[in-house]
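Okay, handing you the structure first.
Read from first to last, the chains carry the letters A, B, C, D and E; within each, the first residue is number 1.
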Amino acid sequence: MVEIMISIPVIFVTIFVGAILTYLIKLIMPKVEAYFALLVSAATSYMAFALPKTESIYKFNLGSFNLMWGNNEYSHLFAMLVAVLGFFVVLYSMDFMAGKVNLGFYYFNLLVSIGSMLGIVYSQDFLSLFIFWEIMTWSSFMLVIYAQDEKFSVGIKYFVFSAIGAYLLLTALVILYTNSGSFLLEDNINNFIYLSSQNQILVIIFLIIGFGVKAAMMPFHVWAPDAYKAAPSSFTALFSGALSKMGIFGIGLVLFKFAIQNTDYFTYFQFALAWLGGITALLSTFYAVFQTDAKKLLAYSSIGQLGYIIVGLAVGTPLSIMSALLLTILHGAFKAMLFMSAGAVYYRTGLLDMNETRGLIRKMPLTFLTALMGIITVAGVPPLGGFVSKWMLYEALIQSNYYFLVIIIFVASTAAFLYLYRFIFSLFLGQEEKEFENVKEVPIKMIIPMLLLAGFTLAVGVVPGFVLEQISKAMGYLGIQTPNWENSVLFSNWENSSVNLMSVATSIGILFVLGAIFLTIKNYRSTRYVTTKDIHTSGEVPTENENLTFAVNFYQPFERSLGSVIKPSIDRIFNLIGKNIESAADYLRYIYTGNGQTYAMYVILFFVVLILFADLMFGFKF
Amino acid sequence: MDSFWMKILGFVITPLVAFAVGVTYGGIVRKITARIQNRVGPPIYQNLLDITKLYSKKTAVNHGVMQHLGPVFAITASVTSLFFVPVLRDSSFWFNLSFDGDLIFLLYMMVFGSLGMALGAGQTGNPNSAIGVSRGLALMVGYEIPFVLSLVALMIQFQTTSIHGLLAVQDTFSSWIIFQSPFATIAGILAFLGMMHYAPFDVPFAPAEVASGPASEFGGKYLALMMTSGSIFTFVKLVLFVNIYFGGAEDLLTLILKTFILYMIPVLTGIVNPRYRTEQAIQFFWKWPTVFGIIAILIVVL
Amino acid sequence: MLYYIGAISLILIGLYAVLVKKNLLKIVIGLAIVDSGLNLLFIAIGYVKNATAPIFSSESLTADKMVDPVPQSLVLTAIVIGLAVTAVALGLVIRLYDHHKTLDINKIRQLKW
Amino acid sequence: MRKAVAILLLGIFGYYFASIFLSLPFGEKREGVGKHYLENTISETGSVNTVTSIVVSYRGFDTLGEVTVLFLASTGLGAILFDVRRKKRNEQNASPIVRTTSTVFYPMIILLGAYVFVHGHLTPGGGFQGGAIIATGVLLMFMAYRKFEANHTLLSVIESLAGLTFVTVGLTGLIYGGSFLVNFLPLGTPNDLVSAGVIPIIYIAVGFKVGAELTVVLDDMLKTIR
Amino acid sequence: MEFSPVHYIAVPLFAAFLIPLVGKVSKELVKLIPGLVLLYLSYGSIMLFPKGMENPIIEIIAGFKPPFGIALYYGATAAFLVTLVTLLGFVIWLYSYKFIIREPIEKYYMLFMLLITGATGIMLTGDIFNLFVFLEITAIASYSLTAFLRDKDSAEAAFKYLLIGSFSSAFFLLTVMILYTYTGTLNLADLASKADMIPANAKGFALLLVIVGMGIEAEIFPLNGWAPDAYSQAPSPIGAVFAGIVVKAAVYAFIRIIFLFFKTPEVLHFIVIIGLITLIIAEMAALRQHQIKRMLAFSSLGQMGLVILALGIGTTESTSAALFQMFNHAVIKAMLFFAAGYLVFHSGSKLIDSVTGLGYDKPITSFFFSLGALAIIGLPPFSGFWSKLNVLISIASEGEILIIVLILAASVVEAVYYLRIIGKLYTRKEIDSNPRRTPISGLLAMGILAIVIIVIGIYPDVLTQWLQPAAENLLNSEEYIQTGLF
């Protein structure tokens, strides 16, 4: 009975109908809709987990096209990410969004975007993939504009870039369709070699850019910081954690199912993409360092991490792909944690400007813990999960002759410490101010997802095996040989290059506990807590109103030393392009002068031009 | 069973030795500095005295849990790093966990402590601490580039990422890496200058500017623990560099000799140089050291 | 042949008025002239030399001595259509004059761009 | 500037236009439907006026459209000039000569118009021509007597009824004759007044309609005159 | 009396003649008559539709066989479009029911009926001069309706429309002359069979005349200067009529004539290019509009450019895609005009800026507008996506990647200006809550269209099965000639 129940159409019906019902329930019985949304997402997540991986294929025809939905190992990996994060985000939203307006709209779009992401990963044909892709785009667009006030260019920017991506995607799909006569992935993969070489390259480039836009690949990342900032934090967690991964999903598919067939150019694609990813990682890290808005900072960080993932995929050795996929999953977890904790701060203080927030650690200890584990994971410091993926990525890069790329990645991840410290320092550390006196820890429904995800990152850091297993299966689907992996030991191809995570964790754990015990017994009880106003300032006692917070221009020296490296902002280039198009449009508008006589003149002019053209070119013989 | 206890013993002894060496070096450095500056200077064991005194002191105040845990992070990181560095070549007693992690792991492990310190310093609410941390992190981005360039050059050249691998290479060729790839070594050593935070790269802790930066709010046992960790960490870095560039050491004496000489490089540089501004320091690393690192890689690749 | 030239000239004159004259009424007149030209042209096309009107009012008339009746009937329709258009155009001109107090087409261009 | 451009464009246009049309043979007999109409008009429609038979019978649908166009013109004008400011007209009537002549000629003109459309299938002329003549008569009255008012209600009823008659004839044809506007009455003898089936009926309706509509149009416009 | 194609013309005409009489009795009845007529026609359409899809129905008028009499040609394409027109016409009537509150209501409905007559006449007639007559009926009704609001701007718009429209009729009449002179016939099928009798240069000249004459009505660039003015100044339901009915009829007639007489590769290429230019320029111009309805007008021009482009490709797929796009554009643009009508009404200003925040005050109308905007951009799961996809596929199978890229670039521009409005609608702003509500008939009209959009978006096969025969009918001039002449 249960086996029959759980199939892909049932999942879709559950979530999409559930979304509509949520909207309707909001109209009838307010306050219930959040619980209903939770129920829907829980059911969906459960079914996504329980869905059999191979036998659940569902074929049908729509608009004279064959379509197919099915689950495979690769899909399953991403589906799990979406399912877990989706559920957590809904759970988190229950308190985070409580009391906001238009909640029906919010939950509707949230559920639709979760459903469409599942749709993307379960699609076994390009058409339904594209349909779900667009549904995802507009539902997320709705959420981006959901909370906006006077400024709405953010949503448009997001949508325009999405549209550019989607349309490139569409162009590629159409070319593929005319080649194979079908939208099924399988047919297209098999018939790809019959495409002319030029079209092959075109298709691959279009597909990669199309997917890459969602993955915020440079130079198409400009939408991301603003859109991430504009969306409610709860959704941003999903946005950055899962939605952007759909781009990665697509790039993986394109690279290892299509591009790899074009043997002549595959290495060039890899090379270009890897460097693009590397530059994405580096530049976005630099941009992140100078942000003052917590969510924008995280957004740039997100872009950077996606850059690592793209690098990992593009380098294409088994180890690098494994690291990329692991980072995909992990990034979903830790970026969700970070956005959720930023959201938690926002929930209590209404602030996201890092020049203004400060000293919340004692008010919100659990949120701080989440944020701390989040930044440790991002930084790639052992013993949390980030290290595993970073380590694999470096090993893979060093071993695959991307010498300079590895430097870039290294620098990027070192520079990441800067913004990570800024993030946690500005929100939680530093002076405790009076204005935050009444701030409390966020409600339990927001804490649970954050802590569970934090636990997950720790688990990956110590025993990554349980994730690597699914990843290696997914790599099997992509047709890539799996590297050596053990439950908690990392291997690379080179001798002696391995890390035993268990002993690392043991060592750190024991020493940490010992140190903590030592200090606590010997010290903590004997000290008394004093406020952060009570500090040494070279012997002077600070007055009440003295500014003791160092927050504005936190990394000014660094900025100065970077000099003009980060000046030519890509943002500005796109703005310039946009402006030029608009002014071109403005000029075109002047064709319509408003004078009816001129229009009449156009008619005669057009006719005369046609006559001359017809006479001189064809002699009136068509 | 025997080896197990030996191992445990190793875990206990190694930090002690590292601490002793580190503290002594610290004392010697203070002495040398004083002499060069035409002062008498404190006795060599002054640092040990300081630490002991601090351990015995009762700490009066704290600003919260993170300040409390900051030194713990630091000591955890330095001791764990120590465990993962082979202190002596061919002597399993000093190897500890060094087969369980490689160079890349170490690079990250070494950051762990700084991160904890920075967090602890952040909670104190002292603006100087935050400034110090900001400078330190920025500086780190500076010297990381040549250092990584150098390491990557070596890793690619010798097809290994583990310290044991590098040691074995130096063993088989019976020549140190400094002779096999001098450019990488130069880049590494220059980065080492920054890593040791001696002048001209002592921006994060500059006593006159930011009142010792991150540490300014720590006293008593916190400071003691931090100093301990610092001493051990100095030793770890020295051993690491000796292992990588100077063929490691077969016995303790050689190790001490080599590390001391290596240590003198930043120390002596520091004594005769004034402090850079932060951006100058960063830009310094992005000029010649980086060029050397790139040359090193190019040599390997070509 | 001359009929053709005359009709075409009428059309061109009408078009010229439409394209150049500023006064709305003149433009409407121009349109009417174009219509007349077209109608004349069509009638001229239907003409057969030495033939009479296509009405069998007496037995002596035969079909092959008559002009083509189709253009005539079509022109009948076309005239009516032209009339209707002119009427509506004049109505609009009245409206426009009411609003703008001018008949200069260059001044009646609120809707642009 | 505009003039120069217009002349240039029209020059080119005229050149090609003329070159196409001047190559048409002038005044020659042509094969085609026209010949068929001429040969069969009496036997098929009973109308001796071939133009009328074409207009009302062969291409009756066009005429329906034509009537519609006129109807549209009056409706459209009614809509466009619906609430235009009614100006007070100059009270002064025309000179006595004009008034007298108009009064005398007015019924004659109406009669002539009626004659023209009743005899549409026999003589040159027809509904449109007749209707136009009637409207001319009304125009004459408008010019002569400033206070002359057309009865709008009556006119619009006439308009509608005439239009309805046309469509009803058409639909009756659809019902009885199998196709829209088909002749369902006997053809009669050619050259008789009562002949040619439905043609006179339609033409009478058209005549009334055109007369009424043109009157309405004139009236609408006149009301706006200063 | 069985339902036959001529009812499409005769019944609304009858109604139009009847309305003034009824108006003497009751004003309410005047409003109801068009609805009843359109309901009857819709019912008839649905009955007749399957027959027309199978075999073309030729209805003879006045009992004379073509080419001597006029015949109506109810083929698959015409069936498809006429059904669309009647159904859409009904919805537009529903919307007008409460929207048109300005006198003379009686004349409005008369003109509306005549407009429907003219549009269906264009689609149905099989005679070129009759086509001209119906074009004129449509045009004059349009002029009058454009000026219906009788304000400064609408009169101006109507005059421009009339001016350019006169050119259209003059050019088309010239075409008729040339064709008649050489072939001696006026029936389209007969003309097509005798097209060889026309000398090449006359035929070429006729082609140019058709392109210009019909191009004006089909709104191709640069002949569409009148269109934005007329669309934006006419009452909103009439904007919907223009976008959904009038231009469809014009494009149908245009492409029918082209396919019958001038279907050569050069001409088709030219049509593709002209469609593309129209698309791009219109979308670019729409980007910078400040008035919501004017923007919709430009968007409409762009959409028609796309349709013309797809028709110019000239394959069965592309033609069916074009018909699909026509359908979608009619439905979606009608909905957008409906919603925009009430948005303008509620905000009291035609400017885009003034809708800011209305999404919260008038949620349902705003929702419909947003839905329409998303649909016309071509986002799944709305109907607009499928037609765009089909168009693109049909172009791609001709290997014209560049055209695809340009179309999609234009679509991006389109997305920008539509989303700008959505963004403004849902931007929070303190506005005085407006007690006026969108009346239920308006919402019902939009709701019907929304349901159509979503249903076809989710299950396009409802419609696509009819597209194939319609497209084949449009392309197959041989069949047209044979069936048209018996």
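In the analysis below, contacts are C-beta pairs under 8 Å (C-beta built on N, C-alpha and C of every residue); 3 or more make two chains touch, one makes a residue touch a chain.
Quick caveat, the model's predicted, so the values are computed rather than measured.
Using the contact threshold fixed earlier, the set of chains in contact with both subunit B and subunit C is A.
Minimum number of contact steps separating subunit A from subunit E: 1. Counting C-beta pairs in contact, the chain pair with the largest number is A-B. A centroid comparison over C-alpha atoms places B as the chain most distant from subunit C. Among the other chains, the CA centroid farthest from that of subunit A is the one of D.
Overall, the chain located most centrally, as judged by its C-alpha mean against the mean of all protein C-alpha atoms, is A.
Inter-chain centre distance (subunit D to subunit E, centres taken as mean C-alpha positions): 30 Å.
Rounded to whole angstrom units, the spacing between the C-alpha centres of subunit B and subunit E is 78.
Centre-to-centre separation between subunit A and subunit C, using Cα means, comes to 68 Å. Taking the mean of the C-alpha atoms as each chain's centre, subunit A and subunit B sit 36 Å apart.
Multi-chain contact residues of subunit C, defined as those touching 2 or more other chains: 11, 15, 18-20, 27, 41, 45, 70-71, 74, 77, 81, 84-85, 88, 91-92, 95, 108-111, 113. Shared contact sites, meaning residues of subunit E that touch two or more other chains, fall at 129, 133, 136, 140, 143-144, 147, 150, 155-156, 158-160, 163, 180-181, 186, 201, 205, 228-229, 288-289.
Inter-chain contacts occur between A-B, A-C, A-D, A-E, C-D, C-E, D-E. Interface of subunit C with subunit D (complex): residues 1, 3-5, 8, 11-12, 15-16, 19-20, 41, 44-49, 53-57, 63-64, 66, 68-74, 76-77, 79-81, 83-85, 87-88, 90-92, 94-95, 98.
By the touch criterion given at the top, residues 58-66, 68-69, 71-73, 75-76, 79-80, 83-84, 97, 99-102, 104-105, 108-109, 111-112, 115, 118-119, 122-128, 130-131, 133-135, 137-138, 140-142, 144-145, 148-149, 152, 155-156, 159-162, 164-165, 211, 216-217, 220-222, 225, 277-280, 282-283, 286, 293-294, 297, 300-301 of subunit B touch subunit A in their complex.
Interface residues of subunit A facing subunit C in the complex, by the touch rule stated above, are 589-590, 592-597, 600-601, 604.
The touching residues of subunit E, when paired with subunit A in their complex, are 156, 159-160, 163-164, 167, 171, 200-201, 203-205, 207-209, 211-212, 216, 222-223, 225-226, 228-229, 262, 264, 266-267, 281, 284-285, 287-289, 360, 374, 377, 379-381, 385-386, 389-390, 392-393, 395-397, 399, 401, 404-405, 408-409, 411-413, 415-416, 419-420, 422-424, 426-429, 459-461, 464. Interface residues of subunit E, counted against subunit C in their complex, comprise 129, 133, 136, 139-140, 143-144, 147, 150-153, 155-160, 162-163, 165-166, 169-170, 173-174, 176-177, 180-181, 186, 228-229, 232-233, 288-289, 294.
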